[in-house]
Amino acid sequence: MRLLVQKTFEAVTFSDRANALLSDNFWLAAGFILLALITTVAFISILGLSLVYVERKIAAHFQCRLGPMRVGWHGILQTIADAIKLLLKEDIVPERADRILFFMAPVLAILATVLALMVIPLSPSLQVVDLNIGIVFIAAVSGIGVLGILLGGWSSNNKWSLLGAMRAGAQFVSYEISVTLSLLVAVLFAGSLQLSEIVQSQAAGWWIWRGHAAGLVAFIIFCIASTAELNRTPFDLPEAESELTGGFHTEYSGLRFSFFFLSEFINMFIVAALAATLFLGGWMPFHIGGLDSFNAVMDLIPPGLWFAGKTAFIIFLIMWVRWTFPRLRVDQLMRLEWKFLLPLSFANLILAACVILTEAYFFA
Amino acid sequence: MGLTKEKIAPAAEKIPGVSYLMTRMDQVINLARSNSLWPLTFGTSCCAIEMMMATGASRHDIARFGAEVARPSPRQADLLIIAGTIVKRMAPRLRTLYEQMAEPRYVIATGACTISGGPFIYQSYTTIRGADEIIPVDVYVPGCPPRPEGLFYGLLTLQQMIRKGETIRQPGVRRKPVLCALPPEITLADIQKEMEELLKKDSEVDVEQTRKELAWPTGLNK
Amino acid sequence: MSVTITSLSERIRIPETADSPLDTQEYFINMGPQHPATHGVLRLMLKLNGETVQEVIPVLGYIHRGIEKIGESVNYRQFVHLTDRMDYLSAMMNNWVVAMVVEKATKTELNDRIQYVRTILAELERIQSHMLWWGVLGMDLGAFTPFLYGFRDREIITDIFEETVGCRLTMNFIQPGGLMADIHPNFVKRVKEAMTYVKPKIDEYEELLSGNVILQERTRNIGILPADEAISLGVTGPPLRASGVPYDLRKVEPYGVYDKVEFRTAVGTVGDCWDRYWVRVEEMRQSVKIVEQLIDNIPEGKTMLMKPAKKIIIPKGVFYSNLETARGILGILIASDGVSDKPVRIHMRSPNYNNLWAVDRISRGSRVGDLVANVSSLDLVVPDIDR
Amino acid sequence: MSTSDIIPGTPVNEPLPQSELVKSILALDLRAAPYEGNADCPAVQVPVDGLLKLLTKLRRDPEFNFDMLSSHTAVDRLEQNVFELVYYLYSLTKQKRLLVSVLIPRDNPVAPTCSGIWKIAEWQEREVYDLFGVCYDGHPDLRRVFLEDDWQGFPLRKDYHDDFMLTREPIES
């Protein structure tokens, strides 16, 4: 038994632990998987609720006001009240909607989110599953999310929803290219598709500065393009309030609307976490190659904290942009991607390849 | 009265403790609902500016009560703040908007026009004399237009009403409404008591039936 | 002579063209009457081809209260408070135009104190109206924060109004023959404070929004309205001046004490959304300048020249007055029979009703997003359109 | 009503002296006549069949160049059984104002449209049609603007009756 526990905790990811247990005792493994499931659901809900709260508070302080104040200390329970209310609200299905697709759409949206969350290494010992094709997996499953949006907009049988969904589809397909190209830069640097290995490869320095201009440019492109994928200002065309009423989720109410709402915020976390993992070293502390004493001091801060700090910083950045900028127009959005970001991404990829060939890293 | 009691079979109440639990659950649910009133962005005229002042302006900031998440789509909104005059052409649209909102839904009527027709009662061939001719109203906020503080008072009154479980309605049937701006010494309970006495007979009004019976109030001429 | 009367359903009928299943078809979509972009209950029927706007058909009447009909049953003093509820963001100017036409018809000479106070109040109203517009334009283009900044600064001016007038929005202060009451003793001090507060705020607006690349992209060369068409379409106010016509009633036919102050008329060149934006921001600056010139020199005098107990009876005939509100030229026509203290006919020439129809002209061929920018740049107040 | 009710300063009704503008319009010989009533700006009156010709001349002739139709509305003169159509013209270049008045019978209220001269006339005429029922011949899109298409009657007419409308009884002083 002791050996088993030791084996379980030596394993890095949830799936490895479950495998380790499964080889020994089926019921223990089943219990472990159940526990893991509950933890994941709780993690997602708490993360979503706190992100909504943070967003509302940050927005309020950007706008010289206070934000939620009445429910709990400084309104800290506000989003819980919102969640309970949304869960118990009447669920309306429009008469002429396509019922099955209408039900499926929010589930697909949240499914994509949860799947993408699985592979992100939160700390060296906390990761659900460490796939050797992690990046490809993320790029693949995040595509399901837009399918949910498209289905939702189409099945609502509402012209505004349809317009919003079509915008979302066009936007996602376009910006996915830039996102993938900037992901490739990090893959080139690290020489692996496995996320844990990408993090390990940044032990001597984060790719954002170790990879010269290529890393920095890839990071910026990734931030811009993934903000567009998140449907947030200045790219919030699919749900542009002043243009399309509610966009693709105009007809959704109650629980199903909260699924869209939740997946949007968890997606924001995923994008921030991915950016942190690929370019800012994930849970890896701030290291400078060669300065061993400095690195040792940095190692004192737990890796989970490093990861949380980096992710929080990028989330704040995304929120800052949202509450500052106006919105682009549809054709301007497309022009930005196809005429500016895409060529830049390709050029950057070639530059990254040159950097690798010449091995001209900082602190190699 | 409450939500859980409607859904759970009465037989379950006989089990000891269930009744207590349900009451507690109702309280929690009502607390959550009262603290998360997302308004619909709806406004027709002057009152809408004061409503925007209340919801938007940093000085007043309705966000403190958790009600700043203004939803443009009626499906996701809980609170319909009728701000501004309702005319004949708008009336069916207002009715549609109300029907598109998901239960539980609450209505605040702000301003003289939505309460009675305001300055446009006489000689106007379109103005509806009070939004409650069209949809049931929970709280009235008088003023022309009411100050943002007045709207907050209305919102807080509505929150109190929800916590007491007083606004759950059957479709098509409505309770008599409560006026929000009370003088300081009169409490909500007093008004309710008085109303119950006065309106014992028709404490629940069938909207369709009343409309048929009640012609336009010609008595107002005097 | 044959007159055919059509209906809305006939107007929006699209002929069936089912030649090939691959043909794209135009479709109508309703923007409003409950839509965040139309600032109230304006309904725009959009004929779209994909996202390209082919035609805009405004459908009105969702807030038509029949103010002109009510006006025939009340006297002139009573009518003033109805005008507050038309263009509630220019309530002072709306009051003033009624007072102006009655004073013109009865040939009442006003003293300087009344004129000075009226002018100052009107300019304050113009500043707060433009502030609100600035915020709402930001919100329509997707930037939510300017909305709150505009509202925050507007409160400062609303406070001044509340102190002197007793009301924040619907003023009912400028009455035929003078003012409802004298100004508050704190008025001069508070206005000076407000002006020192507002001036740097306008620069802040410019920093926050005007220089933004996205705003420039969204407004430059969008919704161009050439000068000759603007005149033919009866467009007045900032949209007309943005098209390059320096027509400002405050300059052309000075009323109040506009002839005693020095200010410049902001004139655009192209007539696009950006020019309309710029003209309004510049007008805020000019209004601050006007208020600053006047506020120290308010002369003494009575503030009400007509005894409120007496009926106002204006001579038989047709009288017309107009002035420049924050949105354009507001005219009032009164037909009187010379006997009663109520008009036979009272007609308001509302600036918004006449500006609205330019939406179709400037939005054809643009995207839905541009349409929102166009509607916002015309700064429509729907109750003034419908009356 | 006694004379003391009239506030001091009210002038006695006296027609305005004819301005230069009115004189030059009368000289055009387009059946225009001086305005019969009292107006506070230069005003002319024209029979309904001469209206379009006069307005076209006023718009196109560089001497007048009235390029803006400032306001157009109708006045219901019930006792004379006519509608008075009022056109307020404005010239931006010359900065002059002119009132053109037309009387049309109440039982057959038809007038020519001037939407070919000023674009805004199309919508100002629609408003007048909606509220007074004045039909404009040749109007491209004549339909109700404020009220529903199936509305009965024209509310701003003096004899309009509506069961819905409340009337205030005059307060005796």
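We call the chains A, B, C and D, going by the order they appear; numbering starts again at 1 in every chain.
One rule holds in what follows: a contact is a pair of C-beta atoms (placed from the backbone, for glycine too) under 8 Å apart; a residue touches a chain by one contact, two chains touch by 3 or more.
Values in this document were obtained by computation on a predicted structure and should not be read as measured data.
Chemist: I want to compare two interfaces, C-D and A-B. Which one has more contacting C-beta pairs?
Modeler: C-D
Chemist: Determine, using the mean of C-alpha atoms as each chain's centre, which chain is farthest from chain C.
Modeler: A
Chemist: When you average C-alpha coordinates per chain, which one falls nearest the overall C-alpha average? Tell me, please.
Modeler: C
Chemist: Using mean C-alpha positions as chain centres, tell me how far chain C is from chain D in Å, no decimals.
Modeler: 24
Chemist: Just the number, please: Cα centre separation of chain A and chain B in whole Å.
Modeler: Centres of chain A and chain B (C-alpha means) sit 40 Å apart.
Chemist: On a C-alpha centroid basis, what's the spacing between chain B and chain D, in Å?
Modeler: 46
Chemist: Can you give the whole-Å distance between the Cα centres of chain A and chain D?
Modeler: 65
Chemist: Where in chain B do residues touch two or more of the other chains?
Modeler: Within chain B, residues 58, 72, 89, 122-126 contact more than one other chain.
Chemist: When you check chain A against every other chain, which residues touch at least two of them?
Modeler: As it turns out, chain A has residues touching two or more other chains at 63-65, 241, 245.
Chemist: Got the chain C residues that touch at least 2 other chains?
Modeler: Where chain C meets two or more other chains at a single residue, that happens at 35-36, 61, 64, 66, 69, 73, 148, 152.
Chemist: Every pair of chains that touch: which are they?
Modeler: A-B, A-C, B-C, B-D, C-D
Chemist: For the complex, which residues does chain C have touching chain B?
Modeler: 33-36, 40-41, 61-67, 69-70, 72-73, 81-82, 84-85, 88-89, 132, 135, 147-148, 151-152, 154-155, 168-170, 382-383
Chemist: Could you list, by residue number, the parts of chain A that touch chain C in their complex?
Modeler: 59, 62-65, 159-160, 163, 233-234, 236-237, 240-245, 323-332
Chemist: Can you tell me which positions in chain B touch chain C when the two form their complex?
Modeler: Result: residues 41-46, 48-50, 52-53, 56-59, 72, 74, 84-85, 87, 89-90, 93, 97, 119-120, 122-127, 144-145, 147 of chain B touch chain C.
Chemist: Would you tell me which residues of chain B are touching chain A in their complex?
Modeler: My answer: residues 3, 28-29, 31-33, 35-36, 58, 61, 63-66, 68-69, 71-73, 75-76, 78, 100, 102-104.
Chemist: Within their complex, state which residues of chain B touch chain D.
Modeler: Listed in rising order, the residues of chain B that touch chain D are 88-89, 121-126, 129, 216, 220-222.
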